[in-house]
Structure formats: structure tokens, C-alpha cells
Amino acid sequence: MNIKPLADRVVIKMVETEETTKSGIILTGSAKEKPQVAEVVAVGPGKVKDGTLVKPEVKVGDKVLTNKYAGTEVKMDGVEYTILGEDDILAIVE
Amino acid sequence: MNIKPLADRVVIKMVETEETTKSGIILTGSAKEKPQVAEVVAVGPGKVKDGTLVKPEVKVGDKVLTNKYAGTEVKMDGVEYTILGEDDILAIVE
Amino acid sequence: MNIKPLADRVVIKMVETEETTKSGIILTGSAKEKPQVAEVVAVGPGKVKDGTLVKPEVKVGDKVLTNKYAGTEVKMDGVEYTILGEDDILAIVE
Amino acid sequence: MNIKPLADRVVIKMVETEETTKSGIILTGSAKEKPQVAEVVAVGPGKVKDGTLVKPEVKVGDKVLTNKYAGTEVKMDGVEYTILGEDDILAIVE
Amino acid sequence: MNIKPLADRVVIKMVETEETTKSGIILTGSAKEKPQVAEVVAVGPGKVKDGTLVKPEVKVGDKVLTNKYAGTEVKMDGVEYTILGEDDILAIVE
Amino acid sequence: MNIKPLADRVVIKMVETEETTKSGIILTGSAKEKPQVAEVVAVGPGKVKDGTLVKPEVKVGDKVLTNKYAGTEVKMDGVEYTILGEDDILAIVE
Amino acid sequence: MNIKPLADRVVIKMVETEETTKSGIILTGSAKEKPQVAEVVAVGPGKVKDGTLVKPEVKVGDKVLTNKYAGTEVKMDGVEYTILGEDDILAIVE
């Protein structure tokens, strides 16, 4: 299944970040604080403002920081995604 | 009976998705979580913005993901429909 | 008495729909769920947007579905009407 | 004293409607439900929208239906008036 | 001290209206309901809308009716004034 | 330290007004009601509206009346300032 | 890791200000009131308004005062940052 967001919406997927604690143990997923970094998996065509189509600034593959609680969560083929407006994406992380 | 939505409104119908559990049992409808995927059954003519008619991006037959709780539910000839603005449709699923 | 709605307002009257239950009894009015279908009995001249008069899409006699709780109820000559903005009319039913 | 409303405001006065009950008794004022019909007693010059003065659609003497609770009540020379924006006038009754 | 309101703001002062009761007693101020009529004591230069300065419709000396609770009360040299936007002035009383 | 407000923001400082009571005692600060008059200590460059920079109407040194509770309080070098938008300044006092 | 804010967003980091108390003790961090001054560490490209890109007024290195509680806090590589819209930056401190 494939999600094609409308307008200026973006589909993101939370990133499983590996993290080594000070004692050397590697933590993933629920064993540590929920990571705030997400990966963009789909981008809408953009929104028309004052007669011109404004394309989203983010692209597929970007790592992004988002507003907490923004967007709608959907589960497709066992994977959890969040669909949110581009306005709720705060920054790209490199 | 036939529903003709006004402006940029869209009529959708929840999709009965068959789902096979790990033990092989097929679940439909209320025996599992309410499916979030809906099918578009009617589309309004669009909304005038800055002097031009903007037609909805979705078309009849599209499978869509919507904002939870968005729209008004109506029951026609025993079938439940939801009428909602196109802004509450997040993405098309293929 | 005659109600002439202003701007883009529409006057509607709930439709008494006959309904036959499975056991053959015909229900009208309060004996069943309040019907959501209403008939348009008067339409305002429209609203000026960006310098041009935009006439309502609905016309007298149309059967419509509306937002629940929208509008103001008035009783004239013993009949209950609802006056509401055209934006609260979701669809035409045919 | 004379009230001259500003902009698109309208001054209305509730109408004392005579009503004959089934038993033949004539009810006025507080002995029955508050009448919703009001008479327009003064109209403002209108509001400037996009550079042009838009005059109110109602005129002095019109019988109107209004949004309940809309406007500010004032008492002048013993008479109660309501000053409200033209947007809160729903329809003219003839 | 002198108050010069900014933009479309207006400074008003409540009017002490003499009122003779039916029994002939003259009531002033707190012995009766707070009067709603106020006098305009200062008017701002106006607000720029769409590139042109729109001057307030009221002038110093006008008796006005205002939205209850609108504006900010200030006490200058022992006198209570209310500073409010022109939009909160409903009508001129003559 | 020096505060340079952005856009149409203004920095004000409450004015310590001397006040002589009827019995001749001079009150300052907390011994009487908090004074509402403030002095402008810094003014932002203004805000762009419809393509042109609109400069604030107030200037450094002006005595002003403001909306109660408006703005953000900051303490710099032991002095309390309030930074607020120009819209929250109601009037200039002379 | 590097944070690149989108649109008119700004990334700030709270400033650890040294402060000498009257008794001569130097206080840092939690031993005194949380400092309100923050340093700008990244600035977005700006926001399009009426067809032209409006760049933020602040630049990297500026010391700024912000609205309390504004923005979203993120922790990157052990450092806490706040991402907020430029509108929530009140003033530059020099």
C-alpha cells in the first residue's frame, strides 16, 4: 500500500535511533524516551496560495523535527505513520 | 437515493477490509479496530477561491485517509456515509 | 406570513418521511429518529464576495442534508422552520 | 431621544403580537413565549468593504427575525431596544 | 492631564443623567441603574485600512451607546474614563 | 544592557508618580494603587503591512496608557520592563 | 547533528549568565531564576508574504528575549534547544 498525501501534507515515520548509554548498553525504541526525529516518506504536491502552487520545502528522506501531538496517526501494513501539514514541521536535521 | 455534495464537500463510505489474523481467522467489521480507510462515493463541484473554481483533488472511487471525527454522518437507505470538507481528507491510498 | 432570508441564508423545513418498519408498521414524526432530510422553502439573494454576488447553489424545493444543530429555529403560523447559512448545507439529496 | 446606529448596525424593537389562544383568550407580552419578530426602527449608514460602502439590506419598518441573544439591549425613554449588527438579522417577515 | 488616544480608539466619560422618579425624587449616579450613555471626550486619528486612513465616525461631544464591558477603564485627575475601539461604539444618541 | 524591540513592539517602564493625599502625605509606589501610566523606553522599527513599513505612532519618552496584563515582563539590570505590541498601547498622556 | 529551521522559525539556546550576588557569590544556572535571555543558533530562510520572501530580522549569535512558553523544546546531542517562530522573539539584547 502506498500513501499519497494531498495539498501541503507530509507523511512521516518515527526514526529508530540507536543510542549508546554511558555504561555502553545500546537502547532502541521503547527502552528510552520516544525519539522526536522522524523521516519524511511522502510529500504532497503543495498548496495554492494567492494563485501559485507553493511546494513543500521538505523532500522524501529528510530527517525532521515536528510539533508534538501534531497530525493524524495511521497504521498501514503494520507500520505507524503520521500525516501532518507542512506547517507542523519545525526543522530539518542533518 | 443519491447524495450530491455542495462546494468542496466529499461523501465517503467506510471500507470493509478483510483481514487475516496470525491464527488464520478472517475478521471483518466490528470484530477488529475500525478501519480508517474510506472510499469516495461523491465529490462536490469545488469552491471558488480568489475568483476561480478550485475542484477537489479526489475523485469517486479513491481510497482515502481522513481526519478522525471530521464531517457529519448520515444514513441513507441503510448505509452510513460521512460528508466532509476536502480539507479533512489527508491522503489517497493506493 | 412569508420569510425572506437575507444574504446567503436559506430557510428549510424538516421533511416528514414515511418509513415502514420490518413488522409493517408505518412510523411518522416523533415515533422514529428525527429525519435529517429537510426541504428548502426560501433562499436569500446571495452574498457579495470580492465584489461579485455569489448566489446560493440550492433552490426552493431541493431536499438537503444539513449540519446538525446549525441555524436558528423559528415557528411561523404553527410550522417550525430553520434559518441557516448556505455553508451549513452539506448536500442535495435526489 | 433618537438613536443613530453606526456602521452596519441596526436598532430593533420587539413587536407585541396579539395571539388568540384556542380557548379564545387574547395574550400579549409576557403571558406567552417571547415573540421573535422585531421591527427595525433605525439603520446605520453601512460598512466599507474593499473600498465601497455596503448599505444594510433592511430598512426602517421592516419586520425581521434575528439571532437569539445577539446584540446589546438599551432602554431609552422607557422603551427597550436592541442594537445589533446586520449580520445577526436572519430574514425579513412579510 | 490630557489623553490622546491612538489609532481608532475613543475616550469616553459616563454621563450623569438626572432622572425624576414617579414620586418626584431626583436620582443621580449610584442611586439608580448605571447609565449606558457616555460622552466622547477624545478621538484617535483613525486606522489605516487597505492603504487609506479611516477616521472614526464619532466626534468629541457626541453622546454614545457602547458595548457593555468593552474597553479599559483609567482614572485621571480623579475622573474615570474608558478607552475603547470605535467598533465598540454602537450608536450616537441625539 | 540595551533592549532593541523587534517589529512593532515597544518597551515601557512603569512611572513612579508622586501623589499628595488630601491630608498632605506624599505616596509613592506600593503605598497606593499601581499607576497605569508608563514611559516608552524603546520602540521597534515597525511592521510591514501590505508592502509598506508602518512605524509605531509612539516615540521614546512618551507617557502611555496600556491594556492591563498586556505584554511580557522582563527584568534587566534590576529594572522591570514590559515589552508589548503597539496595539496594546491605548493612548498617549500629556 | 545540525538543525536547519524551516520558514520563519528560529532555533535558540538558553544563555548561562553569570551573576554576582550582593554578597559576592557567583550564581549560575538553577541556583537563580531561569534566565530569559537566549542566543540564536539557527535561523530559517524566511516566510513568503504577499509574494515576497520576508527574511527574519534576527541572525545567528543575537541575544534575544522571547515569549515565555513559546516554541517546542528539542534535545540534540545532550543540548536543549527551543524552536520557535520569529513572531515569538520580542527583542534583541545588546
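As written, the chains take the letters A, B, C, D, E, F and G, and residue 1 is the first residue of each chain.
Keep this in mind: contacts are C-beta pairs under 8 Å (C-beta built on N, C-alpha and C of every residue); 3 or more make two chains touch, one makes a residue touch a chain.
Predicted model only: the values in this text are computed from it and were never measured.
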{"item": "Fewest touching-chain hops separating chain A from chain D", "value": "3"}
{"item": "Same vs different contact residues, chain E with chain F, by half of numbers used", "value": "different"}
{"item": "Interchain centroid distance [CA atoms averaged], chain D/chain E, Å", "value": "24"}
{"item": "Inter-chain centre distance, chain C versus chain G - centres from mean C-alpha coordinates, in Å", "value": "54"}
{"item": "Two or more partner chains touched - positions in chain E", "value": "50"}
{"item": "Pairwise touch network: line, ring, star, complete, or other", "value": "ring"}
{"item": "Direction chain B, origin chain A - full chain order round the ring", "value": "A, B, C, D, E, F, G"}
{"item": "Complex contacts: residues of chain G adjacent to chain A", "value": "1-7, 9, 11, 42, 44, 48, 50-51, 72, 74-76, 83"}
{"item": "Footprint of chain G on chain A - complex, ascending", "value": "36, 49-50, 54, 57-58, 65, 67-68, 86-87, 89-94"}
